[in-house]
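Presented sequentially are two complexes of chain A, the first with chain B as partner and the second with chain C.
The block that comes next holds the complex of A and B.
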């Protein structure tokens, strides 16, 4: 008997802290069960740089610069189902707290006036992605199929969500698994 | 009759009061049993004999069929809650009120997974001038509970709402507009009635650990008002 075809999953972290990815890893020994039914394409876990056609794309973090938009559009183009994972992807989260601070003031604070800084310089390499004046949730840039809230979503919520999706069920979170912090 | 169940009521009682006394939850944010109805958040909108009205401002009457838990009304409630989220800057992970916040708890109750609408990210001022109370306007939902508490209970008239539309904001009744220049005290009802984290006592943040907060394990329908677990009557 042939093995059932594995689901292809891609993940990325945009303007996030990788906390959601850490929570994904927090499913611990269930990772062994997960890799039986899932194969990772582009992801910090595989270090593959660009994704091919995938069944599920999971995006952590909001959009804070031009590169985030390119990555997000690549995911939308290639992923049948696109999931916004965590507070930042869903409403901008902590990075969006800079939305009412002038971008230049932000840079000054970080690179010039930060405690312990001497002769600070604001990075200005053409290779660096262009920062946006505001951070946006990813559903303001591309269409999103599912939202998985939490900061981060608990490992159990990620597990429940992915196994529901893999089994072709509509993902449903219990009360205790749904929180925004 | 509320959702097919006969609810007893006393003359002059609102639908919200009668329902709460019978242990039936109707989602709400601007309503508080101790204060005069405000009818502004519209979350408690119910169908009263086929017409829509706020449960907190309409009186209960005999023989009237009231519907609350319908898919259509809950969809409207979800949309209203989502609009409240995008109209302010509600960053739950950084908020001291998280886990004890009624806005958040109502959103959980309604199963909100995303605020859905385009975020306004309005620029709102924080007033940290008072030694004991922080005014964080980013989290204000303009329910006017603090306005009512300060005016009707504390007798100080410290808060008000100024401006219109997206510019509407909580204002402070002092010449400087600063909270420090009022006679607000930590013992005032207005200092602790806020359903969100807009008015919070300083040095009390995160004292209750995650997992033991009011709404960590209990839906707001089971704990409708902070600290008021029993139905009001009987």
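The block that comes next holds the complex of A and C.
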């Protein structure tokens, strides 16, 4: 008897706070059920650095720098279904609050005028991801198949969403999982 | 230096009876006399009116024509409907800015003049047009702008500008019962009083008059229901917030047939038992205000308004009724009747939950009839000449005549009055638009029809319309027409409900993405999804119809979209490499990782 083929899942956090990943872990003991049906590829959970072909890619956070674009394109290229998870991936969220501040002013404040700084310099190392002038939602850079809202989405919503997908159903979230007041 | 006087705040507040419900009018007067509504004025108004400052601020920040920062002695707003654009508005605006040495949306260095855009100002037959300190100047060309620039340069007060700049012809090309026949003020009222209110309502009913604002609700039903509703007072409100781009028939009715409109309101007042009426005149028609006030004054002198109208006394008591004019302040949404009532009550123009409808709970939460300008004009004619006369015109479901505001690619733009049931083709022949390719009927929220559908008819059962009829020739790009409309809706969404506030912005952004040559089939699908959300979830008609122009042009002129699609799959919404340029400059980097290659 062969085991049913597991779904391959990759996850990443771009301009986010890892809160959505924490919410994913927050499904608690159901994690055991989850790993019966899914196998994680590239993810902060596995520490695999690059993903291979996957069934589902889950992206937390918006796009704030060039590296984010490379990661996002890698996910789009490899994942059959790409999901934007949480407010930052969908709208830019908290990091996008910097969109109202000029990038020059941001750098000046951080590297020149911040409290306690002396002779500050703006770093120019090629290893550092180069920031965009604005933070963008990920659907402005690649095609996204599903949007899972929330800040973060509740653990139950993530569970329902993933198990629906794993079972081959169109994911559907009840109203209670989508409203936050 | 300023054209504006010192603001007499207590005087303005007193003129509006210290009533916070008149806040929009108070702010208008402040804006008109000071040129701005400064922040400390809001504090003073809060004290004078004894309401919280946030209430004042909510209203002051809602309307386009109110602003806290100075726009100088001369504020110039170019009408930005697609018809104005087709008539060369962008080029003329740039020309004026160059003549005045300034940039749009930026007060000139000397604090004298400010130039910006505004939504359609009801002069599509005389496009391009603009507002100077709220007063309309039509038919712009370089010669007229030279004159304007010179007048501004020598700082001539607006009151001393040559009147010919502000002359606005009616352009009635085809007159009919409303626009072509003489009307003796008082005739409809006398007929109403001798016939009695029940019989007058029966005439309106048998005339089969339906609302001319576009929705086509039966007028007699509205009046009867309002009449029956209990309340401390009943009100008659005339909706002259003609904001639908491309419509200008109410401008013409109010300019030349105001007696007919006011008489229709008075007939309605008699039927429903109202003592007060309000005309909500869109701010863009500020130039009509003095004229309308003088028509009202004449009617009071003749005993057609005020106490004891026509000396009439009956068992129900005297017939007292008067009309007050309220001005809007640049908000399309106030054409929606419940938003209009909110505005009349001094609040931001956000639509109410309906039901209850205004006939039971309207102005000051009392039974209120809200009708379009043209509906009241029709009602006056019916009261005078009877329901059978009216019902004989038009089609069984759409009785009477309809004013059509024709603009765009035709030889004779202007007002055409037809019996309902006229074909689009007939109108196009009459206005001289032989090479018409498309017509936008009833404005952006209405219906876009292609040359294949020119045999359709203007009638509630086919093409319902508030009157706009914008003609586009073969040379016009229907994608750009729809894009203009998405910008309009995104600007005019009142922001109350999320589907509309966000949905209209997403539509605008996606259309801009396509216009920038970054479109894909994905974006086309997204716009269809947004349409479903808007139709199903928006709070009012603005949101329900905001996607119409996109969806209809997509369906009828697919080639206009297809040639803008770069890929079938997906294309980023912005220039990825270009968005790194600022950071490259800041860091001085130009390495491989500081660039994103286009694939």
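As a working rule, the second predicted complex is superposed on the first by the 166 of 181 C-alpha atoms of A that agree within 3 Å, B and C clash if a C-alpha of one lies under 4 Å from a C-alpha of the other, contacts with A are read in each partner's own complex, and residues count from 1 in each chain.
Operating definition for what follows: contacts are C-beta pairs under 8 Å (C-beta built on N, C-alpha and C of every residue); 3 or more make two chains touch, one makes a residue touch a chain.
These numbers come from a predicted model, not from an experiment.
Partners chain B and chain C, brought together by superposition on chain A, clash. In the superposition on chain A, A:90 makes contact with chain B only, not with chain C. In the superposition on chain A, the chain among chain B and chain C reaching more residues of chain A is B. In the superposition on chain A, contact is made by A:151 with chain B only, not with chain C.
When the two complexes are overlaid on their common chain A, residue A:99 makes contact with chain B while staying clear of chain C. After overlaying the two complexes on the shared chain, residue contacts for A:136 are found with chain B and with chain C alike.
Legend: residue contacts after superposition of the two complexes on their common chain; A:166 is shown touching neither chain B nor chain C.
Contacts of A:107 after superposition: chain C is touched, whereas chain B is not reached.
Taking the listed stretches 188-196, 206-214 or 224-232 of chain B in turn, the superposition on chain A shows a clash with chain C for 188-196 alone. Once both structures are placed on chain A, chain A residues 134, 136, 140 are touched by chain B and, in the other complex, by chain C. Of all residues in chain B, those touching chain A in their complex are 85, 89-95, 98-99, 104, 107-108, 111, 113-116, 118-119, 121-124, 210, 216-217, 219.
By the touch criterion stated above, chain A contacts chain B in their complex at residues 84, 87, 90-94, 96-97, 99-100, 134, 136-137, 139-140, 144, 146-149, 151, 175-176, 178-181. The part of chain A that touches chain C in the complex is made up of residues 66-67, 69, 103-104, 107, 122-124, 126-127, 129-134, 136, 140-143.
Remark: chain C residues 522, 569-570, 572-574, 576, 579-584, 586-589, 591-596 touch chain A in the complex.
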